[in-house]
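As structure tokens, the structure follows; a few thoughts come after it.
Just so it is clear, A, B, C, D, E and F label the chains in written order, and each chain counts residues from 1 on its own.
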Amino acid sequence: MPKQFFCAREELETSRVALLGIPFDATSSFRPGSRFAPDHIRLYSEGIESYSPYQHKDLAECAFTDAGNIDLTISNFSVLREAVHTQVIHDLSSEKKVLALGGEHLISLPVAAAYAESYPDLKLIHLDAHADLREDYLGEKYSHATVIRRISEIIGTENIYQFGIRSGTREEFAFGDQATHFYPFSLNPAIIQTVVEQLQGSPVYLTLDLDVLDPAYFPGTGTPEPGGVSFQELLQALLLFEQLKLVGADIVELCPAYDRSDVSTITAIKLVRELLLMLDE
Amino acid sequence: MPKQFFCAREELETSRVALLGIPFDATSSFRPGSRFAPDHIRLYSEGIESYSPYQHKDLAECAFTDAGNIDLTISNFSVLREAVHTQVIHDLSSEKKVLALGGEHLISLPVAAAYAESYPDLKLIHLDAHADLREDYLGEKYSHATVIRRISEIIGTENIYQFGIRSGTREEFAFGDQATHFYPFSLNPAIIQTVVEQLQGSPVYLTLDLDVLDPAYFPGTGTPEPGGVSFQELLQALLLFEQLKLVGADIVELCPAYDRSDVSTITAIKLVRELLLMLDE
Amino acid sequence: MPKQFFCAREELETSRVALLGIPFDATSSFRPGSRFAPDHIRLYSEGIESYSPYQHKDLAECAFTDAGNIDLTISNFSVLREAVHTQVIHDLSSEKKVLALGGEHLISLPVAAAYAESYPDLKLIHLDAHADLREDYLGEKYSHATVIRRISEIIGTENIYQFGIRSGTREEFAFGDQATHFYPFSLNPAIIQTVVEQLQGSPVYLTLDLDVLDPAYFPGTGTPEPGGVSFQELLQALLLFEQLKLVGADIVELCPAYDRSDVSTITAIKLVRELLLMLDE
Amino acid sequence: MPKQFFCAREELETSRVALLGIPFDATSSFRPGSRFAPDHIRLYSEGIESYSPYQHKDLAECAFTDAGNIDLTISNFSVLREAVHTQVIHDLSSEKKVLALGGEHLISLPVAAAYAESYPDLKLIHLDAHADLREDYLGEKYSHATVIRRISEIIGTENIYQFGIRSGTREEFAFGDQATHFYPFSLNPAIIQTVVEQLQGSPVYLTLDLDVLDPAYFPGTGTPEPGGVSFQELLQALLLFEQLKLVGADIVELCPAYDRSDVSTITAIKLVRELLLMLDE
Amino acid sequence: MPKQFFCAREELETSRVALLGIPFDATSSFRPGSRFAPDHIRLYSEGIESYSPYQHKDLAECAFTDAGNIDLTISNFSVLREAVHTQVIHDLSSEKKVLALGGEHLISLPVAAAYAESYPDLKLIHLDAHADLREDYLGEKYSHATVIRRISEIIGTENIYQFGIRSGTREEFAFGDQATHFYPFSLNPAIIQTVVEQLQGSPVYLTLDLDVLDPAYFPGTGTPEPGGVSFQELLQALLLFEQLKLVGADIVELCPAYDRSDVSTITAIKLVRELLLMLDE
Amino acid sequence: MPKQFFCAREELETSRVALLGIPFDATSSFRPGSRFAPDHIRLYSEGIESYSPYQHKDLAECAFTDAGNIDLTISNFSVLREAVHTQVIHDLSSEKKVLALGGEHLISLPVAAAYAESYPDLKLIHLDAHADLREDYLGEKYSHATVIRRISEIIGTENIYQFGIRSGTREEFAFGDQATHFYPFSLNPAIIQTVVEQLQGSPVYLTLDLDVLDPAYFPGTGTPEPGGVSFQELLQALLLFEQLKLVGADIVELCPAYDRSDVSTITAIKLVRELLLMLDE
């Protein structure tokens, strides 16, 4: 049994949030290794305080369980897809929200697909350095570089809100401009507040690619992109999302092998804490 | 005899500031090693310029000596306490201000206690990521996590000004809100200027826990806390303190083992330079 | 033959920009190793996208070649000087602009000297943490710490515009204040815009010492100086220079041995992409 | 609940060996951090094969459980001592052998002390770079540098067999020569075989300080001592101990913070596998 | 065009050996990243001397070319297989021997398969820490952990000679004992000399998994296995193979991301030099 | 004043050995940084025991002083040469033996040259991975790669004994074979004992390039060469030299920037301890 995230509860019945590790990184193109992230995050989770001074809540009072990791082989996305779908559908049917821990960004596809079955009017908020809107990547349809395009085919491009994008092909930027709600380069609080107001009442799934952070703040990732936001800016954006009906989320692309000072792991842990507290409403 | 900080003078009599290393880290909870900081700081001190373009002063003209390190065993706080107290009382009686180099934050307790004997109306300015206001920590009364609480018992909570705090228990945040002058999360220049005006004429001791800096700017510390200030923001705050009657200071929690690119050490050295120049008035 | 920067063209005749590596670091005082930078930059250049969302241009459509590295011994500046001069004069006579990759900052001297022969009214824009205005350094006339002083003797101090300087001797700051256009500490967009307007029509050579970036954003350099600008601030400044008649440029002082997470190399690569696109007009 | 060592069984009753983490490093003098070792070892334990080609046994068939970590504060040895003693006495009374995972070497004292109560004729085999025979260390009676001296006061110096020692004071080497069975510098198979024959029938506790390995083979430790043995030489020695009546063991002084390539952690895991298989007879 | 290995010739016609990079690591289970190895090896290749004092030959006089890298996507083995097969068949038809640079060990399968077409009586010498004899691995038939089993299905188990194996399942060790020529744990010169004599006259393909080296000597690999051979022992074995009719070879499993001091890369480069000189007969 | 090597005496008159730092690395070709070695060695010197169990002597009883570092600019060998010559002649005239700490290997030239003036029949023992016998290197006469050739021009090739060489050009190996006493590849105790007997009565200067050690044992050096000796083998050789009339020595080529786990620094410190004890006769 894996070491659990600190403060996780043993009682499954009364929990409203399930933390789920998805240790998959088979399509990573630049620097793989994110499949080790869920266990690293758990191992060091006691390194932070359980109390969030931002939300005035304490993880020790949060009704969440740690569901462990999806058991999977490393290179077969169709196996992964099936296993994740089954698990998420099961959690949703027990009225548990899921916070998925990648792994690479492709893991968001099966999670979001399962959510779309339960919430036909699902909206997706996407924080990332990369557009992930390619039709295919190196001939592959299912890749970390195509994941938002694939999700858009399920829930519709008009339900996708992208923030912080600063890298992609000319085609991806054009597609984003035309098809999705596309707010590149920064996490502008005024724009986010406007979007939050538009999304009132809708079920929202949040996918957070940690490389939206500048590599100064988050070096431990597979495809670092200079020019990103600070931790403060990301945190400010997340806290604005508290006003939403957040039904699920994921945090992806921590790559422990490149986290030379453990700071990226600690950063991911703090964001897990904040999202667990936001999901437990 | 230890290598001295660059530009330190040999003549003790004419010096007005003494740099004092306190290589103690026995209560560090997350990642120890800060006891190596004073010697690392000295070894690389020639890596920066002696001239401060911020203060238009040169360390080569600054009347300071390097008093070396307190000689101590690693795990006994009562021995440390006695040795530091003796040394600081001696320095103050020779009209020298002390700039102490930790080691962990607990070293501030004996330094500040000695200062409180000489300055009954002492004010403490505390820059840190952590509140350090616990009643006890893992059953220990004397710890890096309780140090400001212990100092507050000597000089009174009303004489304590805390800035930049972004981590602690619910109880610590409540205690700070009620008892100390508590300005968490950032180093707001307007608030600092107001405090500076309130403190005109009072003797002020400054304790600078380097983890007030965001880990992007200062990864080499034992308990990195994402969400901190930049070096520019910290420097701007320190320069505002120039208007105060600064009688002593310390810089704590550099942990060289986690300083993979030497940048944290260089950062600490620059701050030592700026504080030496501020203390030599 | 060295691996080329990604998207470089084979056809020399139709190219308008030549990327030239100058792997020289013999005068580095603090931490050498920048001579490995050009090949590191090339090796990882595929790690970024060819499309710049900032300039809406794609490197795949940019008319540049990779001219490889100057072949040189490591410790003899006069040999380097001659070889670089010959190469740059040749490139300029074939109507190619040069983007030089250091190596240490001293490499800018022979490049700028060759440009000054072709452009008698050359202006120099200098982005750096250090003034590099010393008369000599440790007895040496030719050093990374004297390079701008030497260039000023060729083109005149009145044609030099310095930004971001935050480290130097008292004499260097005084010299900058009096003799050059000296805008220390930050990259203020309003000031830059004013300078850009003054320089309309003049041929401009840009020398970019990567340590103008804060070490949080760029740890992989020989003389890290806390207190610098973010990547976003640097990028914003560079994009303002698009309005200029940019005739040549260099990027210096990446030191791969200190780039523990490869982020500094990726940062340098992105800046090479942006400058190549700016030079290809 | 901590992640378990791979292949650990859930059924406590039928297990004959218990793996027990003791995350204590409060007396480490040079470089602390070994308290993170037990959880690191568990996290990466799947990185090796369960089958030992040296013993022709498989961990999947080994009757061991993972008892997790002793719960303790970091700086109080008397608390640790009590907790470890209670746990080990309990395990021995349930006819389970203990394999303790440090932490620093001082953890061997309470484990061996509990064993000595159950086995009055206990012999200790000590593999280490350091003699650990000091009367006191920096004024402390209980330290990683005094641990074997303390154990000798319980079981008698004549029952202590030391191998591989290559560092200590003149007094420690003299004490070893006179009082214990002292075979410094190497792990000579012929000498070990002779000792093994002497010890036939006696209950033997093995304490393995991983720094007996040369730092080439094991850099991830707090006090690296060049001149040690290779992994092959250590393994060969351990396999000779298979002929003994091994009743308990510990493995100490892995310090993950200095294990830059994870090789030391993997090395420790392999040795845990071999010792578990040897203890399960 | 990629940077070439140092001393590579431009003239294809007169060359007798072709160095071929195969940057594939899609099935790596523990720590991926070996696909960066071929370019890293080339980048640092000037870091060693061209002269081998072991063979008294100089790479500057060796008739080899650098054929660059196979162009491939990262996750599709069937594409890789086809591309490698085509390239190797082409090289063999032009009477060039191939020295392939992985990438992970699975790349040996298509190279050896192409060789088997040209040399029906091919013998395989396999140096490795791992048996790589599994029937399948995590459900995959084609994996770094099955590669020698797959090759054995092409050329017959009786033509496979395995040395240095120290890790595997019970089944793999049993299969090796029964079916292949299996000499585990070390590289015994006497045994190797006997095998060399048996293989006189036969065409031999050598596959060298660098993890046969102990991680002390070669930390930069994906699955480090303590207990391996030294560089001296490996070199001594390779020099014995000079007596064979060596028709092709590969060197696999350098993982630059784990090569913290560049020593593993330099080690791989030296072995490439030695094998190039051995192949050019 | 620099921090001294631990146990150094203050009284100059009664000392018989002087430790002298020469922080010069201007001709390093592959990876510079050895000029930081003397201060690193001093900083961590307390990390080892003062007692040598190999020589049964204690550094606390050794009559040596720490003469600090030669003050020099980094790039001018003629200045270095003059300064080192003056210092060493002075030490020899006060009947002190010198143990010089590099810096790169070129520093041995001025030290050995000064010794040759005092000892016309000086013999040189050279332990190294590299022959250092080039006539010139990249056009430079004075280089780390030519240093033994230059010394041979002063004392005669017949007085030079080289051990452990495993890298060089064909010309260097030929020159060594013909002109010097050349025992490449290993440190064979039988050969060394024979040489020791030949050298009885002659004054011997020992130059120890730390890269004679295999990079497994000593990664922290500028030009790592796989295939070297272990620390044990080096130590055994050094202890054989105890029978000689050792009049001076140097230890060169520690490069702290590549010493990721501090093991190379500790290794150098141990060798300094052993050589200080050997020189104090």
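As a convention for this text, a contact is a pair of C-beta atoms (placed from the backbone, for glycine too) under 8 Å apart; a residue touches a chain by one contact, two chains touch by 3 or more.
Keep in mind the model is a prediction, meaning the values are calculated, not measured.
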>> Please report the smallest number of touch steps linking subunit B to subunit D.
In response: 1
>> To test your reading of the model: what rotation angle superimposes subunit E on subunit F by C-alpha positions, in degrees to the nearest 5?
In response: 120
> Looking at where subunit A touches subunit B, is over half of the residue numbers used by both copies, so same, or under half, so different?
Replying inline: different
> Quick check: more C-beta contact pairs in D-E or A-E?
Replying inline: D-E
> Taking each chain's centre as its mean C-alpha position, how far apart are subunit B and subunit F in Å?
Replying inline: 42
>> For subunit D, give me the residues that contact two or more of the other chains.
In response: 214, 216, 258, 260
> Which chains touch which?
Replying inline: A-B, A-C, A-D, A-E, B-C, B-D, B-F, C-E, C-F, D-E, D-F, E-F
>> Per the contact definition, I'd like the list of subunit D residues that touch subunit B in the complex.
In response: 25-29, 31-33, 73-76, 138-140, 257-258
> Which part of subunit A faces subunit B closely enough to touch in the complex?
Replying inline: 47-49, 51, 53, 56, 58, 214, 216-217, 230-232, 235, 260-263, 266-267, 270
> For subunit E, which residues count as touching subunit C in their complex?
Replying inline: 1-4, 39-40, 42-43
> subunit B touches which residues of subunit C in the complex?
Replying inline: 30-31, 165-170, 173, 184-185, 214-216, 219-220, 223-227, 258, 260
